[in-house]
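In the part that follows, the structures are each spelled out as structure tokens.
Common to both upcoming complexes is chain A, partnered first by chain B, then by chain C.
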Partner chain A sequence: MGVNGDASFVANNGLHHEVFKVLLDADEKTGITAITGLDLGANIGVYYHVRTSKSFFTIKAEVPKENPRLKTLIDIHPGALFHELEVADLMGAVFEGNELKGHFVLSENWPEGVYPLRKDVDLSQVKFVSTPEHETNKSAEGREVKIIIGPQHPALLEPEKFSVTVDGETVTKVEPRIGYVHRGIEKSTESHTYLQNTYLVERVCGICNPCHAYSFVGTVEKILKLDIPERAQYLRVIALELNRLHSHLLVLGHAGLEIGYETVFQYFWRDREPIMDLIELTSGNRVYGSLMTVGGVRRDISQDHIPKIKSVIESLRGKLPFYRKIYNDEPTLRLRMKDVGTLSREDALRLSVIGPIARASGVDIDVRKDRPYAVYGEIPFKEIVYTDGDTWARMNVRMDEVEESLNILDYVLDHMPTGPIRIEAPRSVPPGEAVCTIEAPRGELLYYVRSNGTDIPERVKIRTPTFANIPSFLKTAIGESIADVPSNFVSLDPCFSCTDR
Partner chain B sequence: MAQKTEKKQKSRISPIFKRAIAHLFTKPATTKYPSAKPVLPPDTRGRLIYEIKDCNAIDFGSGPDFRLDIKVMRGSTCHVCERDCPAAAIKIVEVDGKQRPQIDLNKCIFCCQCVETCPRGAIKQTDLYELAATDKESLIMKPKYTQKDASP
Partner chain C sequence: MIAMIDLLLIFRILVFPGFTFILFLALFCEWIDRKLEARIQNRVGPIVAGPGGILQPLADFIKLLTKEDIEPRDTKKLVFRFAPLAAFTIMIFAMCFLPIDGASVLSSGTSIAESGFNGDLIIILAFATIANFLLFLAGWASANPYGTISSARVLTQFLGYDIPLYIIALTPAFIAGSLSIGVIAAGVPYILLAPWAFVLFIITMQAELEKGPFDVPHSESELVGGLETEYTGAKLAFLHLTRDVQVVFGSALVVTLFLGGPSGPVFFGLDWLFHTIWFVLKLIVVVAISAYITNVFARLRIDQVLTGNWKILLPAALLSLMLTITLVTWVYHPFGIGV
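Moving on to the complex of A and B:
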């Protein structure tokens, strides 16, 4: 049983470490996309989803459930840190050299030794332990002071905690604690049908919901070996690019809000509104499109709507030079963003950073170019790469991508073929497994689905972009002023609902 | 030359000035919502309506566009809307000795999968979006609802 469309091989007894080292030496762009923990009965499967410059494959390791120990990868690739901790917390695998203390995703009052993603766990029997004492702002030894940002903090719109240790005004250490919005969606998918899961996975993230739906139906279609009609693929690209537009406009404005430049925020959000109207026009709802379904899309775009979409694209394109000028020339923005949170190319590669953050540091990874999905292979567009690596470059990557998205939309609307938008798909999925990666607005999004022949999946693994990008913040915040933390952080376009799932 | 520098200076202050003046005469970006209702695009997914006369468990399976590959016996209760609802908002309850769906709008996520699934077209979507209520009970659509009852 192989992972459909992508190669996979078994590497037991610590071989995964050797294999990954060879790959890393051969190709500098090798990175860990995700680590999936699987309950295989007597064994625990630890699947390393690895990307290189042009390929994507899975290294499968299995360890016995009684003694689920295997070698960590953080000694050769620090980007594996978060992925390993997550598998350790939810599946109970032990990574030698990267042991988990307490919990990583689960809440503090979750008992030790109960791993919710294992099949044999009886969740009704779980006895919560008492919550340990809360951390407070306090002086560490000597001159250093610990400042807790979050879970409730004006700079973070969603709950997540970062304990920042400062010496004077300089940040010396950042300790993250994620999991405040962990809703157990991965576990929940194991008790819903594929059809219901299409809507459930959209709820992982409000902003990039079509990306989640597309990835999920993409994996299921790979297992079913369905041939999706071309018009449906074009309609999906429209949904994904409208989503990228609104997400990028959102963060470009939100960055202005974080640094106290509210005019920028108001302007960007004003111009984001017509995009939201287009999403409503094409999908039937402002936020949750619910457009994707296994076998195609649920609704077509009528010919009468195309002029309206085009006029919105044109008006937004006309406004872009003004915004570009603001981000380039405005002294306030430059002061708060230039040379803030600089991430070097080497660090970006080492930390497996993805999406606009990697592209701002000179790493040219974009799933749309590297491993084209839907009809991205036919569409001409530029891959935006900046080399500065700072907050300003990250924002400008997004600014340029807004323009590229507008070009893609123009191309797609002009070249859309006619034909069916949907084919019949069975509700039960034959046994198999598949991986689908796509370029969400925040970076590479991975879905792994394992089916067992029924209409309910056996395991759905979701690896969201922010989860992979948070380590870059932990690196870049150190040595900079505490006042730069918000603008540095918002340049990741963090989405914690995504991160925690 | 002097004229030129004056022109240049003028253009340096003008962006803000021009914008401020222009905004005096342009329409605001916001809408006056309760008094002016937005024009919704066609087929916006809003509140569901349910026509009890169309829901017929007895004749199940005779619909022309019945595309489901499930094994259902003729004459048995349909239940597909209940089975497919991702939010468990639809529950089958007994009304006058017949089993009928009851839609809980408190739980409904407005995906309209039930509209797609229903083999008889008994559940329809509308673009009604003003669903605020002070009583949760009033948002549970009891099966006695007809189209006439559901419209505001």
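Moving on to the complex of A and C:
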């Protein structure tokens, strides 16, 4: 059984390790996009979603539930670390060589040995254990001091914990603890219909909600083998690019706030407002547009919306040279961002880093180019790649992508075909499985859906971009000053409510 | 007769140009600062209280006075209570030495040049340092990690920047040939004779006042409220007020040393009125420059702030002093300029 639209093959009994090694030797851009854990009855399926330069496929491994052990991949590809830990925590697979201690996503008082994503677990019978004592700032061995950043901290707008060990001012170790906003959305999708889930998955993240909605309906449409009207695809691209614009402007401003450059913050957020107005104009809502639905989109844009959108694009385009100058040349901004958190190309590849962070380190991966979805294949646009790999490069990648997004919007508005905006889609989905990856503002977003013939999905796997990018922060923070941690971290454009789901 | 002088002195200390005037000047400058910052950032700033929101700083101050005063258990009570008040008092006292209406508050001299005594420049600089030290104590005593780190940064920063500040402050003193603020203010505006020193002094003052890009002790993204984190109610109100007076003091010092203080044309025999107007106008210019610098740069890191001091500003200050002495000895004084 193949994953719809993409190749897949079975590699049991440790073969997945060999297969991945061969792929890694053949193509340096091979990386793990996600690992899905599945409850297949007697067995646990561990599906490795792997990307290479131009292709995407799934390596399927199955292990018996009684003894769910398989070989880890972190010895040949450290980027698998977080993905494996998550499967271990939620599905109970054991990765030899990368054993989970305590919990990774689940809360500390969750009992050991209860894996919420397994079908046979009765969640009403879960007995919580007592919460262990909180970690506090303390001296580690010798000169080193452990500083706890989070779960509540002024530099973090969302709760997540990082234990930073410092020697004087230099960071020597960073231990993350995620899961503070884990809402169990993946589990929740298994008790809602596809229609309800379209709205539920938007709630994974407020900022990039159309991406989640698109990715989810994309997988369902793949299983249903629907042919989506072209006008709907164009409208989807408008929603996705408006989303990218507002998300990039948001982080470009927020980075200013983190380095004490309030003027930049105010300017970028001022210019983000017209984009929010456009989102409201095209979808009816400022934040949650709920535009995507299985079979197309729910709202058309009228002819007199187009001049309005174009005028906003033009006015923003006029302001870009000034902003580019700030992010390129402003001396104090360069002092705070240049050579901070430098991630080399090799490390970016080894850690399976994605999105603007990878592109800032010279790795040219962009799902819109590599595996075009919607109508990105016909739209001409540049893939922005910087080679510096530092915080400055990451922000400049986003700066340049703002301009590319404006170009894409221009092209789409000029070439929009007429026709229907949606087709009738059945409520129930025949048995099957599909993967859909798209380029969200923060990087590659993956949805895996497995259906069972009813109107409720069997399993929905969500892998959000920040989840895949946090390991790069753990790497780059080491050896740098603790004062650089905020500006380094904000350059990931972290979104914890995505990360935890 | 003696009673009359005493009454005048009391009026000068308490009302004009003393305590009350300085207080409102500080609030007025805060309003200018906030309004300019808002306009630079394309916001409107305060608009509700009074015309153009001019009463907003006063309203904020009164509001804080009415708030509950909380003292965390682990604070060093004595220092925690009195450091903000003491710092405020000392800053007001230092302001009293500046010739705001053509004479310093405590003097009864008749001209600007006679409105002080030789050496009062050093005294007010020392007062500013003591006030900073009291602020450091205020944060240190508040038993809060953010307050402690912020205090440590205040200490490192002002200890470092005091040295170039003193050196550059000597430039006008050398040209005037006196350490008396009055004599310096009565001369030509020294910005004309030593513009390089003016630029350096503005930068150093910016660091001394912990304004951007040197505002590391107030970095919200790292330190929440900095040394004010544990302060509430009236104590917080006085910390804010101290900060306002510090800003006015710094700007007034720039005005006095480099822009000729209250000097300017006077009419109708109303010397004190026109002197005050000139002084306040020049003050607004300096506050505006300071607000501009604050808003067009990103905040530096603490190590960059310190490197900037020891590697750039201190050598530059020494060079500036040497240049000034050379010019004064062989150019200005032989030709009778600036004396």
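Please note the rule applied: the second predicted complex is superposed on the first by the 501 of 501 C-alpha atoms of A that agree within 3 Å, B and C clash if a C-alpha of one lies under 4 Å from a C-alpha of the other, contacts with A are read in each partner's own complex, and residues count from 1 in each chain.
As a working rule, a contact is a pair of C-beta atoms (placed from the backbone, for glycine too) under 8 Å apart; a residue touches a chain by one contact, two chains touch by 3 or more.
Note that this is a predicted model, so its numbers are computed, not measured.
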(request) After aligning the two structures on chain A, examine chain B and chain C and state clash or fit. (result) fit
(message) Applying the document's definition of touch, where does A:Ile259 land relative to chain B and chain C: first, second, both, or neither?
(response) second
(request) State whether A:Asn285 touches chain B only (first), chain C only (second), both chains, or neither. (result) first
(message) Looking at A:Ser481 after the superposition, I want to know if it touches chain B, chain C, both of them or none. Which is it: first, second, both, neither?
(response) second
(request) Classify the contacts of A:Arg270 with the two partner chains as first (chain B alone), second (chain C alone), both, or neither. (result) both
(message) With both complexes overlaid on chain A, does A:Pro426 touch chain B (first), chain C (second), both or neither?
(response) first
(message) On the chain A superposition, what angle, as a multiple of 10 degrees, is formed at chain A by the C-alpha centres of chain B and chain C?
(response) 80
(request) Using the superposition on chain A described above, determine whether A:Gln196 touches chain B (first), chain C (second), both, or neither. (result) first
(request) Using only C-alpha atoms, work out how near chain B sits to chain C after the chain A superposition, in angstrom. (result) 5
(message) By the touch definition above, which chain A residues appear in both interfaces, chain B in one complex and chain C in the other?
(response) 270
(request) Quick one: which bits of chain B touch chain A in the complex? Just the residue numbers, please. (result) 29, 40-41, 43-45, 67-70, 83-87, 109-113, 116
(request) Name, in rising order, each residue of chain C that touches chain A in their complex. (result) 40-43, 145, 212-213, 215, 219-224, 295-304
(message) Per the contact definition, I'd like the list of chain A residues that touch chain C in the complex.
(response) 137, 154-155, 169, 256-264, 266-267, 270, 330, 332-333, 335-336, 481, 483-484, 486
(message) Which stretch or stretches of chain A touch chain B in the complex?
(response) 192-193, 195-200, 203, 270, 273, 277, 280-281, 284-285, 288, 290, 298-299, 424, 426-428
